Amino acid sequence: MDFEFTKEDLKVRQELREFIEKEGTPEMFRETEDNGDIYGAPLGREIIKKIAAKGWLTPGWSKEYGGLEASEATCYAIRDEMGYMGVPFGFVAAHMAGPTIMRFGSEAMKKEWLPRISTGEIEFALGYTEPQAGSDLSAISMRAEDKGDYFLLNGNKLFNTSCHIADYHWLAARTDFEAAKHKGISMMIVDLKSPGITIGPIITMAGWRTNEVSYEDVKVPKENIVGKVNQGFYYMMSALDFERNFPLGRYRRIFDIMIKYAKETIVDDKPIAKNPLIRQRLAQMAIEIKATYLLYYNLAHILDSGRIPTYEASMEKLFATEVAQRITNLGMDMLGLYNQLVEDSKWAKLKGSIQKYYQTSIVETIYAGTSEIQRTIIATKGLKMPRR
Amino acid sequence: MDFEFTKEDLKVRQELREFIEKEGTPEMFRETEDNGDIYGAPLGREIIKKIAAKGWLTPGWSKEYGGLEASEATCYAIRDEMGYMGVPFGFVAAHMAGPTIMRFGSEAMKKEWLPRISTGEIEFALGYTEPQAGSDLSAISMRAEDKGDYFLLNGNKLFNTSCHIADYHWLAARTDFEAAKHKGISMMIVDLKSPGITIGPIITMAGWRTNEVSYEDVKVPKENIVGKVNQGFYYMMSALDFERNFPLGRYRRIFDIMIKYAKETIVDDKPIAKNPLIRQRLAQMAIEIKATYLLYYNLAHILDSGRIPTYEASMEKLFATEVAQRITNLGMDMLGLYNQLVEDSKWAKLKGSIQKYYQTSIVETIYAGTSEIQRTIIATKGLKMPRR
Amino acid sequence: MDYDINEDQKLIKDSAHSFLSSECNAMFVRDMEKSDQGFTPELWQKMAELGWMGVMLPEEYGGIEGNFLDLTILLEEMGYFCLPGPFFSTVVLGITAIMTAGNSKQKESLLPKIAEGNCIVSLAMVEENASIKPESILVSAKKQDENFVINGTKLFVPDAHIADKIICVARTKNAGNKEDGITLFLIDKEAAGLQVTPLKTFGGDKQSEVTFKNLVISSDNVLGEVDKGWPAIKKVLKYAAIAKCAELVGGGQRALELTLENANEREQFGQKIGSFQAVQHHCANILTYLETSKWMTYMAASKISAALPCDKEVSMAKAWVSDSCRNLQALAHQATGGIGFMEEHDLQLYFRRIKSGGSSYGDADFHREIVAQELGL
Amino acid sequence: MDYDINEDQKLIKDSAHSFLSSECNAMFVRDMEKSDQGFTPELWQKMAELGWMGVMLPEEYGGIEGNFLDLTILLEEMGYFCLPGPFFSTVVLGITAIMTAGNSKQKESLLPKIAEGNCIVSLAMVEENASIKPESILVSAKKQDENFVINGTKLFVPDAHIADKIICVARTKNAGNKEDGITLFLIDKEAAGLQVTPLKTFGGDKQSEVTFKNLVISSDNVLGEVDKGWPAIKKVLKYAAIAKCAELVGGGQRALELTLENANEREQFGQKIGSFQAVQHHCANILTYLETSKWMTYMAASKISAALPCDKEVSMAKAWVSDSCRNLQALAHQATGGIGFMEEHDLQLYFRRIKSGGSSYGDADFHREIVAQELGL
């Protein structure tokens, strides 16, 4: 047993940190935040290409496709560090589409898409959720009719973040309308500039943008189907086992900022860090952050051991996202009345970052499988509890 | 709106308190605790008869049957005060059997049983739970076969506390074996000295006793059926609406003892009451106790207004029992290593009462409807949420 | 013991509900958040005509002779609809301070105007240390002949940008006992040396920095006695804490309704999500937080109305309601899922207000400490 | 990074599991709770033959040269089976103290005996103030020629009633720095002036009051240097905290299994109770508490094993495990219902041990304060 980072991993983290400190600009960070923390917009693309050039976008991929053949532990460390440094960590192309193409795609598809992903040239937007298909993805109803050499798509997607800036839609659509719900869905790649696609903004309570997307007679070439037709639901679920994780990095950064704030902010002639109630809650957060990372790197360890996480991924996502909420809630409490002031207000503390992340943290326990779904997975997959 | 006690209620509480301070003996309290906090044993019966003579056992009953015709608010106050003073508050005869007889029993049955209950002459033991019927009381399977002028009973009851000291069993048994589960249960009164009844002890983790009870060819006269045959399930449920409540009294007393302990116990040269963490937690408990009583007396208010509580009773029971657990848990934390020492150990603090109630508190959120059952009732009855 | 509101209060509640449901829908709330003013004079005038500004005032000042419990019930409805504007600052803070500390001349000149909707008042209390303890009052007012000269900065002053009068809580003496030496000044919006700079808040309300730079004010404008202002402020803070609770409870009620609307409508896995135990139990917990918060608020409000000692009860209520409403709001979001995270869904309106309200007029830790003191700890 | 135990550790785990499942069933545990001794010499001897007492000892002292992580894994199994007896006091407390502070003569004379199962050791540390801070050591040892004279009372001394040697932590000097002036004494059970009075605990273990009345002990029996005993005790306390975590994790594992056995078996409302979301989610939360506790424990244990700085990690682990195991046990009772409240059901064994273990060697508040210090707060 060994819970220490290797020297190499520590070095990569350090390099990455220095790199982003050097290359990141306030404008880039601002653009990123406004777009819901997914890259795709001009300044984000620029820095991501540089990160990709270092191999850090897809470090675990084979060299053939532009990776470093790094361990999962290294990949997880990089991903977390990117979050910490304020560079969005959820890359649909690098973390969801790419790995699925690698596992299930044809050779031609791999050759076409993987190098463009690993260089940061293209970004995908996730196309799963629909108005009536959230927690229950088997209910996806976007219609993709087989028209010979293409599919004709009609229907609506909801909360598809970054569609307005990404290049392609990583889309789940129904290709068999008679089969059982799980057996009629296919995964496909759709150019977001295709005629018939309308992308409308939906603004979240945290201020960033997601989208509703409507498809009206959109033609998708058959070669854009990923793997086998009608296997899409299983690909999505399989990807979740491989890819479900929540790097706490950006909330860990908030925590570090809070620690500093507690040490430096004087109330009643002493730093608020000396208030026993604050001390205990900050210590508790440090403990919970530690526990989160133990769960997080266990996922990497399982993958590096050649196994596939199941309930462990759900547990990490569940635990980490609840910790994220507790961190920001504590931050709000520490700021007291100042917690109300937004970034560009006079007297705002810590650039209003606490209240911004406090609001964002609300969705962490909801998207990519609610906490309730994760608990059910832990119970049924992890503990084999009965379904009836 | 008015949340103050009337002068009369304050006076009754005061009288009751003084009465028990005068009449209660250590032997009586000890006997009570060993028997699972239900009276029935010799010393308990003695004091209960005196309490009954004051009208405090069934204060809400009509004078005809030995009551004071007091308001429910007064009844609730008395019941809580009895808990606070260490006199068991769950009287099956006075609080469950009696009111059901009053609502559904024949005139003859009322005349026979109610005066004996209100004078404290007899006590009942609850006979609902069976090995396979806990949360789901409709699954009761104790068989009561109609043999003309009597029923013949066979089957087993579990966790029927105080059967070994009570006089009668307030029994739910199945009288129709073909009908739907809810429609074949009858309530009846069984003399616990009847031939064929075997009562075996089960000791709880808190040290007090409950029972398993087996019925083998036990004859119960037909006149002992309460109300109509096969209506028992509805009587049980109706009684729950009327009678479900959890007077926090005895845990409130523990809390008062903890407050005193915190003020008097010196650690590092100052009372532990000055430790900010302890202060906050004690204050929080005082707040939650206040909230509990607001819910508790609302039940009395609803009844006094001529309405019947539904989800409100579930909410009070749910909330109060969780508060009880938090009180004892805080007590354990405040005692530190001393929390381990039991009553008769050298160096024991507060006579080991904290750890004893800490253990007892575990069952409060389980018996008489688990917290989960209560939440479901709140959702479906209180919020009308859909069953499917 | 009586948990029911009386007939008059039921009338207040019902008429407020029906008035606000037509005058103050969620779109209006959003518009007001975005506007500079944060209210419309038209709505303000209508509210005045309904007698709302005068709910606690005696008839002689144009009021309807209600009590604090009546106000509580009104505020609960305002919280339900997220009513924007200076009602809280004018009526809860302003009227309470003037009624408590003002002399008859001040009352006569101000209260009828307020009741008519022709005077907006606010209270400038909190300073950079963001505390509501007496030792935190550092803005100074120095006697100079028959005048005082005020210098310093107040923060988080609600609705100062539109206030006609600002009551400034200033220090006129540095005594060992920090409750001594605090004086209240009634300052006109036109006073020289007064500067109001709006802050930007996430709670949707309007607050400002208010600076006093050699602001000269005559002794006539002292509200109450010189150096003896703290008891009035303490009373205002108690009223404000419970008034805020009432708003939070109203908001919590609406958050629950929004949650139920979605849960009883939306289907996943072939059934209404409201039929899942996990969602049902979240909602049961929401209702439990809500009802305990409601009774705690009413209990404290009825003590205030009856002029009974209530420091402990007020702090119990504010601590409990601050925490509980935050918890219930988190459960509401969790039970509602993605749609509740969108700006266009109304749940977020309550999320922001509930957190702000929890921090205002003493957060849960602050009030628990008072409860601890009241317990003799 | 490697989350797997190695082959040797797997062997320890499996053999301990199989040995204890036959030698230490729940009936035996109950018998030992009721007995005066709280252990059987037969089982103790068998454990010695398996090399358990010497798990951390070098070969020269009859040990098997394992490390603290190996011990952690063994303790986890002991916690799973609620193993009664003086293993914790002898091996975790006693051996650690002797190995850390003892001179070679002391080691040679004691350690082989311990390894053979012929010497039971305990540590008398805590006093009436029930604290584990250095300033709480007040039992005094006064130099008198070549001897020391010890006076005072120790409490909560584990297994003192059967110990052959008791290590007494005493104050030999009153310095400003309270870590200075603490000395460890190796006291024989036969020593004049030593009195052991059993306490009655609800955790099922055996603890005693130990009083020293003019107990005269020669300087040869000082363990380590005079006045310099605190660093060794600090190390013992760190080991003990994590060792206790390991027991709690093992107990938590069993509590989960008991819960699942019932949930997957019992039917109510026509279905297995384990199929209800409410029960499933309780169990998911139990598993989450358990796995985080396990990794926190292993993480700290592996730091200890590697002799890395670990004050922060040890305190993080103890704080988290103390709270989490208490929480998971409460959920286990809630999911199990009435049957779990009965003495005859094994769940209660864990309930009691988990609460005691949480309070021992620093509770969660105590360790969070250390974490705060380590964070520079």
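Note that the chains take the letters A, B, C and D in the order they are written out, and that residue 1 is the start of every chain.
In this text, contacts are C-beta pairs under 8 Å (C-beta built on N, C-alpha and C of every residue); 3 or more make two chains touch, one makes a residue touch a chain.
A quick note: this is a predicted structure, and the numbers were derived from the prediction, not measured.
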item	value
Which of B-D and C-D has more C-beta pairs touching across its chains	B-D
Per Cα centroids, the chain farthest from chain C	D
Computed distance of Cα centres, chain D from chain C, in Å	53
Length of the line joining the C-alpha centres of chain B and chain D, rounded to whole Å	39
Chain B and chain C, separation of their C-alpha mean positions in angstrom	42
Residues within chain A bordering two or more other chains	277, 280, 372, 375-376
Multi-partner residues of chain D (each touching 2 or more other chains)	276-279, 281, 365
Residue numbers on chain C that touch chain B, as the complex places them	1-6, 9, 69, 260, 263-264, 271-272, 274-275, 277, 279-281, 283-285, 287-288, 291-292, 295-296, 298-299, 302-303, 313, 316, 319-320, 365, 368-369, 371-372, 375-377
Residue ranges of chain A touching chain B (in the complex, touch as defined)	275-277, 280
Contacting residues of chain B [partner chain C, same complex]	1-6, 73, 259, 262-263, 273-274, 278-280, 282-284, 286-288, 290-291, 294-295, 297-298, 300-302, 304-305, 311-312, 315, 318-319, 372, 374-376, 378-380, 382-383, 385-388
Of chain C, residues touching chain A in the complex	126, 129-131, 135, 155-156, 197, 199-203, 207, 209, 267-269, 273, 276, 278-279, 326, 330, 333-334, 337-338, 341-345, 348, 351-352, 355-356, 359-360, 363, 365
Footprint of chain D on chain C - complex, ascending	276-278, 281
